[in-house]
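Presented below are the structures under discussion, each in the form of structure tokens.
In what follows, subunit A forms one complex with subunit B and a second complex with subunit C.
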Partner chain A sequence: MSSNLRILVACKRVVDYAVKIRVNAAGTAVETANVKHSMNPFDEIGTEQAIQIKEKSGGKVEVIAVSCGSDKSQETLRTALAMGADRAIFVESAEELQPLAVAKLLKAVVEKEKPDMVILGKQAIDDDSNQTGQMLAGLLNWPQATFASKVELAEKAMTVTREVDGGVETIKTPLPAILTTDLRLNVPRYASLPNIMKAKKKPLTKLTIADLAVDVKPRLETLKVTEPPKRQGGKLVESVDDLVDKLKNEAKVL
Partner chain B sequence: MPSFLRTVARCASVKPRRTISVATSQIRHLSSTSPLDPSVGLTDDQKELQSLARTFADNEFAPKMQEWDENQHFPVDVLRKGAELGFGGLYTREDVGGAGLGRLDTSIVFEALSTGDVSTTAYISIHNMCAWMIDTFGNENQRQKYLPKLTSMEHFASYCLTEPGAGSDAASLATTAVKKGSHYVLNGSKAFISGGGSSDVYVIMARTGGPGPKGISCFIVEKDFKGLSFGKKENKLGWNSQPTRAVIMEDCEVPVENLVGVEGQGFSIAMKGLNGGRINIGSCSLGAAQASIEAALEHVKVRKQFNEPLSNFQNTQFKLADMATSLLSSRLMIRQAAMMLDQNHPNVASYCAMAKLHATDACFQICDDSLQLHGGYGYLKDYKVNVYLRDARVHRILEGTNEIMRIVASRALLAD
Partner chain C sequence: MLTMLSRIHSLRAISRLSLKRPLGGINFLGARATFSTHNPSYFATNRFTVDEYPYLKRSESFNRLSEKDISYFKSILASSSITQDAEDLEAFNNDWLRKYRGQSKLVLKPSSAEQVSQILKYCNEQRLAVVPQGGNTGLVGGSVPVFDEIVISLSHMSKIRSFDEVSGALVCDAGCILEVLDKYLEERGYIMPLDLGAKGSCHIGGNVATNAGGLRLLRYGSLHGTVLGLEVVLPDGTILDNLSTLRKDNTGYDLKQLFIGSEGTLGIITAVSILSPKRSKATNVALLGLNNFDQLQATFKRSKDELSEILSAFEFWDREAMRLAKQHLVAGAHDPLQSLYPFYILIETSGSNKDHDDEKLNTFLEGLMTDDVIQDGVVAQDSTQIHNLWAIREGIPEACSKAGAVYKYDISMPVPVLYQAVEDMRARLVKEGAIGDGKLFSSVIGYGHVGDGNLHLNVAATEFCKEATDLIEPYIFEWTARHAGSISAEHGLGLSKNNHLHYSKSPSMIQLMRRFKQLIDPNGIMNPYKYLPLV
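This part shows the complex of A and B:
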């Protein structure tokens, strides 16, 4: 593979995976104020994949990181730049963006940048929607390879191994195409200290919803968010029969 | 069996799984409203350095800390992995592979790294000090010859000032260096050398002139120079992930081009290095204290006595508040002294000394308080807090004992 490639990588800013999440006082969403945020781990895998393609390629590969959301999403883009993306595009929105809105925004960015490939995380760890990549493929009428655990590029095509129920599936798709990443695709690198410093100097373009002329009105309404029930304490059982009975009739797992 | 040990054993047998879950417990980030948040007041850049260092510590150090401590393992591979990110030459210039950071930035990185392993981070800090000495006081040939391999940690470095007979009174050191043609011939021995025997490069202070500080010079000595040998590996209370040995010079031949700076400049180089070294070590104490409080917070919410979590008792609450206050005061002093180093402030030595004195004493006490809050569990090696306590203990002794810190501070106070 030696042709020139342009790869767009979607990077969402989410509540850090290690944070103990809490539902807000109104019971309408997860509390995001004063909580550590970082790049969605699946998007980190996507960024790593794009950089690996760039490093392995004989040709010229440009990696563009894109994020839609509040002002703070630029921090996430800086992380992608520090990891090795060449430049970044930030689409500013103070409003909540649902998967369809993000897919439409990404479509508008794709039409501007004309990438050969868009890499997204299979899902974001905040809303777990698992929709944006598929919707983007639909809107663009591009082929999609989702849940990738291995990617091999050839001339204007890629072979993707997907983790599916009961095994792995290998598919081949022409480019341009959509790729969504699964957990085992790669292990993202740490951004080095010098690269964190260099990332400040890499170009970051700001766009607004109006620039892209996209209707981002929410189509879904969240009625209520509740925490899972508190874990109950364990019980001691008298005998094996007792245990089997409880597993059958109380836990209903037998 | 002493009664307290029985209590410990009984506690352990009642809740054996708790031990396992703590030893492997997932890292939880503190809420940024917590008064323990070490990123308060930092610039965006500094927050990024901190976040990288903490993530590295959480992933690469913390899961291995107890194993390295127990087996006295020097984690060369992980050190080199860290060097790829810039930890091998944090405040070394960029043309030789350094990260070119300032001293405050470096302190922030060491504090974050040491939450995962104090001992390993402390070794990194010593390695960094050696690289900085060559970078700052060495000539261009020395910089180009030694620093690229040190910043990548392909080679490791050790700092050699202390001798069996010259500890706090470092200016009385007895190792001699006599110039003979194209070589200096070094004779003497250095004690308590971190990395000794494992390091490739030794920055050694030796006497080329008369008695006192003005007679001391600084040399770069390579591991396989003729006449250099090492003592047995010392068995220590803490700092077990780095080897400590005596470094012995018997007619050790060092080429004249390995003199750093000029003859007689050695003690001044050593002291300038130690100002920064004190901030580095103080920073490692901050990390130990931070991790110890985090561990205590987890424990007191889960552990119940008298049908209540320990966190419900006012004794626990007040103790935690005192620990956090003490950590914050230590952090502020260390960071102020680090800023003064960055500004080349003329009075920096006394501020570094006071910061080191306060931070290493206070943070050791925090580790001990955390151990106390853990009760019998704190005394078990399954829990991490004992490692922080043992590792942080030596910070009150090295880079100048805390008694010497008082001398440095009081001299500045009483000066006319």
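This part shows the complex of A and C:
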């Protein structure tokens, strides 16, 4: 594969996966103030994939990272640039963006940038929607390869191994296409110091919702957010009889 | 490990939780648990400590365990708190390095200070020697029996007694696992003031009894400062209740200090009151590669200047340690840096304002790059990467232990000569023709806490034997004494360093230590043959 290629990678800023999330007092959302945020891990895998394609390719590959959201999303884009993306596009929105809105915004960016491929995480770990990639494919009328665990590029086409229930499925699709990443596609690299320094000088374009003329009005209303029930602690039993007794009379499973 | 991997592959659930294992990095604690409790045959080939160290003789003043004793213990403890099965005993008789193997026939697991008191009082009267044991993660053979001492395991004492959300004072049983306490505090916005690689197994009581140092000492100081009070049972059964939660208390001799680091030779710590600091909101971790030790020192100096109050850890390891870590750890996979470097530094910052910390750290690191003090480096971008970088550092002891029989030395000294100890040891073994393929030694590894002037010198041999020991000792102790260092910075004395105490302490100090021991434990039943030099 040696022809020129342009890849758009979507990068969402989310609550860091290691943070123990809490529901806010009003029960309307997850607490995000003063909580560590990072790039959505599946998007990190997407970014890594784009950079690997760039490194392996003989031709000229441009990787563009794009993020939609609050001002802070620029930090996420700097991470993508430090990993090796060439430039970044930041679509600013103070409002909540739902998957359909993001898909429409990305469609507008795709029409501007004309990439050969858009890589997204299969889902974001904050809302677990698993919709944006599919919606974007629908809006663009592009083929989609979701839950990718392996990607091989050929001339204007790609072969993708998908993780499906009970096994894997291998499909081939022409480009341009949508790719969404699964966990085992790759292990994202660390941002090296020289690259972090270089990333500061890489171009980051700011756009507004108005620039892209997209209707981002929420279509879904969140009624309530609750935490899962607390797990009961384990108990030590003194003997087998004790265990049987507890299984019978307390757990009532015998 | 295999079962875990297959579990990962079968994961179809796609949620925040399902991410944890695959990205979580090394689970060497899990691996540890596997061999220590579930696989007694792991130890079967080990030689007994007494065969390895023939100078050790069982003291005739101790009685041997009788049926009468067993029935007494059965009268005060539940049957599940008494272990006599030969296979089950192996995990308590062996240390995790497989260097020491005792021959105890009985493990008692009391669940209250009162039970500990009853046991000790009886043992003291009947002249039965005992070994207190926590998570059994010690490195100097202090927590396993030598002969037939009764093991008193604190594993059934694992309740958190109280936590003061205002002061941060935590009061808990001695058998609480360090990581469990840290998780408990995390939910409340606090943090344990100490952290070490064995956190998933070690007990807070054992940490205090051995005055464990670890990875947060640079920031929060030693247990002599953070422990507010202790509950200790003395050999005569007295329960010394000093579970104070006061930060200031200048009344009388500070008795708790005597028990911190006493390695179970004076009494059994049954509960701990410890001051926990607020958990930092923002944490950053960077891993750096350097060409020589001078650059490492320069980096340390500059970090104190430029990172100052947010610097929370400054750890280092050498090329050999990195090579072993890469070879033996399944890890968060790949090497963070592009090539191998003679030295690595892990820097952690902790503060309350991420933007402020990020800017400070970036300016600091860019300055080092620009001035050619460091050759390469990475900065963790999320918690997964923070975890994985720490996992390299925390996994080094485990990786070293896979290189063969590892002689571990834990010495402190002024920072400028810190690495010279490794170089001199290496040079000595090369000169003796004892290191290399097919030779007695395979490698000399150095890592440790630069901020505390603490070097972990590991010498990997094909087996623990007298010939190997004689090539290292007393050379390393003499070297340390010559450089005004301590022969045991944080691991303690136990069985492996007790006879070398004179390299670090004067005769009059050792004499006073003996008088304390005689006063509190006149029959010498508490963890005998260890800690103080044998006479």
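The rule is simple: the second predicted complex is superposed on the first by the 233 of 254 C-alpha atoms of A that agree within 3 Å, B and C clash if a C-alpha of one lies under 4 Å from a C-alpha of the other, contacts with A are read in each partner's own complex, and residues count from 1 in each chain.
Convention: a contact is a pair of C-beta atoms (placed from the backbone, for glycine too) under 8 Å apart; a residue touches a chain by one contact, two chains touch by 3 or more.
Note that the structure is predicted; figures quoted are calculated from it, not measured.
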First, second, both or neither for A:Glu44, with subunit B first and subunit C second: second
Partner chain in contact with A:Glu238 - subunit B first, subunit C second, else both or neither: second
Partner chain(s) touched by A:Leu183 [first = subunit B, second = subunit C, both, neither]: second
Contacts of A:Ser192 with subunit B and subunit C, given as first, second, both or neither: both
Touched partner set for A:Lys20, first subunit B, second subunit C, both or neither: both
Touching partner for A:Asp165 - first (subunit B), second (subunit C), both, neither: second
Residues of subunit A that lie at the interface with subunit B and also at the interface with subunit C: 16, 18-20, 34, 36, 38, 82, 190-194, 196-197
List of subunit A residues in touch with subunit C within their complex: 16-21, 34, 36, 38-39, 41, 44, 79, 82-83, 122-123, 125, 128, 130, 165, 183-184, 187, 189-194, 196-197, 236, 238-239
Footprint of subunit A on subunit B - complex, ascending: 26-29, 31-33, 44-45, 48-49, 51-52, 55-56, 84-87, 90, 94, 99-101, 109
For the subunit A and subunit B complex, residues of the former touching the latter: 16, 18-20, 34-36, 38, 75, 78, 82, 190-194, 196-197, 200
Touching residues (chain side subunit C, partner subunit A) in the complex: 12, 14-16, 18-20, 22-23, 78-80, 186-187, 281-282, 286-288, 332-334, 336-338, 354, 362, 365-366, 369, 374, 376-385, 387, 389
